[in-house]
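What follows is a pair of complexes built around subunit A, which joins subunit B in one and subunit C in the other.
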Partner chain A sequence: MTAFRNRPARLLTGPALLLALGLLAGCNKDEEVVAPSVANEAITTMTLTVTNAANASDTQTATWEQLLDAQGNPVASGPNYSQANLTLKANTTYNVAVGLLDKTQTPTFNVGEEIQERANIHSFFFQPLPTSQALVIPAPTGADTYPLPIPTPAPTGNPLNLTVNRTDRDTNNPALPVGLSDQFVTGAASTGYLRVVLRHQPNVKDGTYAPGSTDFDAGFKVAVQ
Partner chain B sequence: MGLGLLLASGGLSRAWGQGAPGPACALSVAGRVLDQRTGEPLPGAVLRLSAAGATAGPSAASPLTEAADADGHYHFHQLCAGSYVVRASFVGYAEQVLAVEVRGRLTTLDIKLKAAPGQLGEVRVAGEQPAATPLVSQSQTTLSGAALQQTRGQNLATALQGITGVYSIQTGPTIAKPVIHGLYGNRVLLLNNGVRQEGQQWANDHAPEIDPFTATRLSVIKGAASIRYGADAIGGVVLVEPAALPDTAGVGGEVNLVGMTNGRLGAASAFVQQAFPADTALGAGRGQPRAGLLRGLSYRVQGTLRRAGTARAANYYLTNTGLAERNYSLALGYHRGIVRTELFFSRFDTQLGIFAGSETGSINDLLAAIERPRPLTPDQFTYAISRPYQAVVHQLFKAKATAALPGGGRVEATYARQTDARSEYGSQLPYNPALGDVPDLFLSLTSHTLDVAYLTPAAGVWSVTAGLSGQTQANIRQYQYLIPNFRNYGAGAFVLGKHRGERLTLEGGLRYDYRWLRAFLTDVTTGRVIQPTTVYQAVTGTVGGLLALGPSLSLTANLATAWRPPTVNELYAAGVHQSAATYELGNPDLTKEQAYNASASVLYTTAQLEGEVGGYVNYFRNYLYLEPSGRYIRTVRGAYPVFDYTQAEVIFRGLDARASYHPTQRLTLTSAASLLWAWNYSANDYLIYAPPNRWQNSVRLNLGGPAGIFRQSYVGVNNLLVARQNRTPASGDYAPAPAAYNLWGAEAGTILHAGPRVLDLSLTVSNLFNREYRDYLNRFRYYAADLGQNIQLRLRVPF
Partner chain C sequence: MKINVLTLSLALGLPLAALAQSAPNKSYFGINAGASYATGTFRSTDAENEQAGFAKTGFHVALDGAHFFGGGPLGLAGQVAFSDNGRLLADDLAKLGAAYTEAFDVDYSTVRASGRYRRLTALVGPTFMFGPQKFKVEVRGLAGVQQLLGTPEITVQLEDNPATTFTQRSSHSLTFGYAAGLGLHYYFSDRLGLVARGEFQGSSPATIHNDNRTTATGRLSEKQPITAFTSTLGLAFTLGGK
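And then the complex of A and B:
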């Protein structure tokens, strides 16, 4: 019994030292370095480059943009749609290229090229508004709204005389439209809006809008004259 | 060990000194006989009780003899006060001799026998401390032995779901968190092998990073237990307890295999353990030279592999709900003299697929998903896990030293370091290939905790536990912003006292906690890094009592306060929570949440009937929760409703009732009900995600006689009825609560004896009739139905 008398203290020295070391090791300051916010799947900007099929010099671009703050959330000022305007000639066919950018990255990253790579799981949908036909893209439900500048609810009345045909195809079997390259065909003079939505449809792409989820939703003001 | 024996005999001689005969000889000793390693009951174990020394009563030559019943219970009645010796023996196990002092109406003595392969010699064990229940006046339920065996292969929350008053909040079939009395997340503390589990508990889709195969006991303490465990233990505590390391010589182990049809899940877990007992050479106390350094050493090596593919609802596959888990743990014990040292390391590594149909661009996609009777995702099985998924690696290192003090008390010191690395992979690869296959969110949390506790001898009339604890944590995030980097420091001190009277045990405690939290984040307006700092402190207290009203009836009541500081997400979150389709906004001005908990229960136990009815009230001031703000934020993917973290005055009231009836030795009927009512006074409305009322019933028939190959076989059926949650708030949910559901299950099992080998085999079917249903607390109920039929086969081979 005597042999053990003063042993507790001695036996605990080892563990105590280990503990102290462990606690000291914990005192680095890595948490004080704040990593920048990176959204891996951010798209900030959509550009429509519209070229008259009959006149290559008749070209225009329209841009819709939503920038992000330091925490990756939409900037408080909302989307910038001041350049999201298209003025098209009546009864004309246009070739259209859709561009997507991520301006949160430096240098700006061209997301459009990457969507081309992943064409089999992505699909663009175009919704002219007002329209007299069935909606391709369902109207926002609940508290959701159309992307500005499209008002919610969307205007009714004389339809925007614009037909959009997606001209590119993916490598699914059967091949399905992608929508990075399109043809806009205008009718008689009219005004309205064009909603463009990029859907992410992994393993479920079937040419329809419903499967998958929305990656990007933008609106443009269109005048056919 | 030599010293241990001396101490034990010292205790006995004191007992003799006090052994005055009681006024009435109407006292009882009762308890259970269990396998020390597995916690499984040992029906048929023989108990012999004789009076120790001078006490009047049965002599050692003609002891009272009892046999443990089917659940391992035994009872000795009509005893006089005094000191007794109980000898417990069972074939294949080492006999145990325990001293018991009978003072109150009912003395509870659970006896754990050690398997003794090949040796039936007598082994004396000097008072191995059972896992201390911090408060006797609170309801605690433990799954061990056969009950735990039936949950093998499931995740922690699902394993606990059968316990009255316990529910689980799910995010699809792979992710589940335990809910105790309607509280979850940061209001339920997980204690893994005695260490506070420190992961990213704040989110509903962050499952506990614990391998239940490491445990031989899973316990749930229902009610506020802040007093012993500090902040966060508001709703209750889940204790994941491994078996004690062996201290008898030899190599032993166990292999567990589980196969399930749903998800084609396979799980394999095994451990090997060995001890070089300190007590083989009884010489140490007698001045002989000490034996080799290995004496007193014991170890256990354990590992688990778990793999599942696409889970299936009643009528379709739930795309991308596979999981892959690889875990291991190492334990090393060293027992020399009065000091017992334990080192423990565990690594938990999981990859959890997230149901592909839950990916929504915005509230628009979510509402469309709710409208659909079934998801549009491909209806196929695969073991492959693709995006979206979570990958989590949790590592725990623990060092614990216990010194048994002369006189019977002990001092324990536990240091633990935990790292939790959580990677959440979104639905697609980063667009920029230069970024590589990186997660959308990465959080790395490193925690150090140190706990020191002093416990007086448990045998006396008075016992006291006092302790100090300290903690520091650092969190580092990458990629997305969801929560900021932070550093936190915490400290606490507590004292708990207990007085055991003849019929009444009273206990009370006080605790002080301090918490310092500094976040590091980029201010969105200035672009500079800011360091907001918050400090919280709280005093918590508890009082409770247990009143024995006879050998079979007891009452408990407990009053406790508990608290928790706001978590970083509640203070600083700002962003879209993709799977919930919400935009969550923190509030840096939040204050601590304060809970006042009252609970009472009646426990009735006889050989035929065992029943417990308990009621509780949990009143909160400054209850932290997400309140729908009515505002919306529109991102490029669509609109998200904004939820603000806010505080309210709320109340949870509930009732848990359970009865188990054995009309004959072979038949067991069990019925359990959990009722809950939650109300938000501030909003004058119900609280969201309150578990619906639930009623479970089961019938079990033990087959076979006392001998024969199938002597430990059983069959059973069970039914689970979950009511529709009609008490839901007016706003904040996208779909009404799903309908009530009623699920049947069946089970059968046997223990096969093949020479010295034992094979424990069981078959369980859940959702027997493959009913399609949705559960209110499954956050993916918007997208798909819950799990369909699942046939589970389990095999356990101890060696």
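And then the complex of A and C:
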């Protein structure tokens, strides 16, 4: 039995070497997978529901719609902006709710609820035109145009006296504006347009317009009187 | 559950039954190797669970030993072990990618993973060994530290925008670790024995760092619990005189 004395270290050497080789040879292969979405909803219709903050019965809606064909492309007839008109009182505050629909689905799908659920990666931006301020939403370049009825280039001259404040916040840290709920504050009588853009900003939302891509771009004619 | 009851019965019943005919214990040191079976959340492949580790069954090797006070049944055991619980495979990334694509509402996401779950543990604790000279049963509970040598690093890009890229970093956390289990010793001679062990290993959750998580959206893993069952076979070398 004493033959085993002083041999443990030698006996361990073999397994230890095998072990070291095993560890060194351990497979460390990288993997990469592209995961596509199963289905994406479309947005066809934006509705602004505008309520006088001092008079709840003073409510109006304005709707801008771009229907899509079976392939998901805008229909050739272009957007329907016949109902995209707002007439606001001067020096008045309005509470505004933005609604979004997907009319390509039956029944019509309420995309607004989806945006609410995914508020942390979405943001609405509002651009009164004409304006004497710096643009919140950059003017279109190249072949791009403003959404009708806003002319391209946008008219210059007396600014539309409308200030838009987004009143809802997401759950990011810090919390950032979303824009499904807003406040419109009018000044003196004026006319112009309001451009509303929904930006999709997955993991890049920082409160500014630039990051991400545009999910929807609509135009409204506005009169403050 | 049946396994737990059996383990508990063995742990409690065998000591009492065998203590009466127990031979003196010699201190020993040894080496053993075998498999580490990831368990629970550590093994889970549920992409909706932010702590699911997608860990696999891997390799486990340990150097251990015990000193028995006065040759009695009670001793102090120690173990230094290395465990590998694999890497993320394509199926795992497909699940993660689908979850990110859905959460961020994008057309597609690209998920890349590299690295493996690897860790070292250094544990000490009481051990209780009994049985006749050739065959002994050892029950021990150990606690100490666990040093992660790495966890899989996961990088996600949303659509084709590099600015969206975020990364779940490989963790090198030092955490509290513990193990408890049963060992069966069979001695060929005064000096050399064969040891089979089954042990449950656990630790406090490892900290995971994430880069460029701009928005509070999608799966975000910041803690990784690590639990595994190890089964090993090894050699024990006794120390001291007859």
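List of remarks:
Here is the rule we go by: the second predicted complex is superposed on the first by the 186 of 225 C-alpha atoms of A that agree within 3 Å, B and C clash if a C-alpha of one lies under 4 Å from a C-alpha of the other, contacts with A are read in each partner's own complex, and residues count from 1 in each chain.
Everything that follows uses one rule, which is that contacts are C-beta pairs under 8 Å (C-beta built on N, C-alpha and C of every residue); 3 or more make two chains touch, one makes a residue touch a chain.
Predicted model, so just to flag it, every value in this text is computed and none were measured.
Contacts of A:N203 after superposition on the shared chain: both subunit B and subunit C are touched.
In the superposition on chain A, contact of A:E31 is made with both subunit B and subunit C. Once the two complexes are overlaid on the shared chain, A:P153 sits clear of subunit B and of subunit C alike.
By the touch criterion stated above, A:A218 is placed in contact with subunit B alone, subunit C being left untouched.
Contacts of A:T44 after superposition: subunit B is touched, whereas subunit C is not reached. Of the two partner chains placed around the shared chain by superposition, subunit B is the only one that A:D69 touches, whereas subunit C remains out of contact. Between subunit B and subunit C, B contacts the larger number of subunit A residues. By the touch criterion defined above, A:N173 reaches subunit C but does not reach subunit B. Applying the stated touch rule to the two superposed structures, the overlap between the subunit B and subunit C interfaces on subunit A comprises residues 1, 4, 8, 11-12, 15-16, 19, 22-23, 26-28, 30-38, 40, 114, 118, 121, 200, 202-204, 211-213. Across the complex, subunit A is touched by residues 3, 6, 285, 319, 336-339, 341, 356, 359-365, 367-368, 376-378, 386-387, 399, 401, 403, 405, 411, 413, 415, 417, 426-433, 435, 438, 440, 446, 448, 450, 472, 474-481, 484-487, 520-524, 527, 529, 531, 574-576, 583, 632-639, 641 of subunit B. Subunit A contributes residues 1, 4, 7-8, 11-12, 15-16, 18-19, 22-23, 26-28, 30-44, 66, 69-74, 78-79, 102, 105, 109, 111, 114-115, 118, 121, 138, 140-145, 147, 199-200, 202-204, 210-218 to its touches with subunit B in the complex. Within the complex formed with subunit A, the residues of subunit C that make contact are 29, 31, 33, 59, 61, 82, 84, 87-90, 92-94, 96-98, 100-102, 104-116, 158-159, 161, 163-164, 166, 189-192, 212-218, 235, 237.
Residues 1, 4-5, 8, 11-12, 15-16, 19, 22-23, 26-38, 40, 114, 118, 120-121, 170-173, 200-206, 211-213 of subunit A are the ones that touch subunit C when the two sit in their complex.
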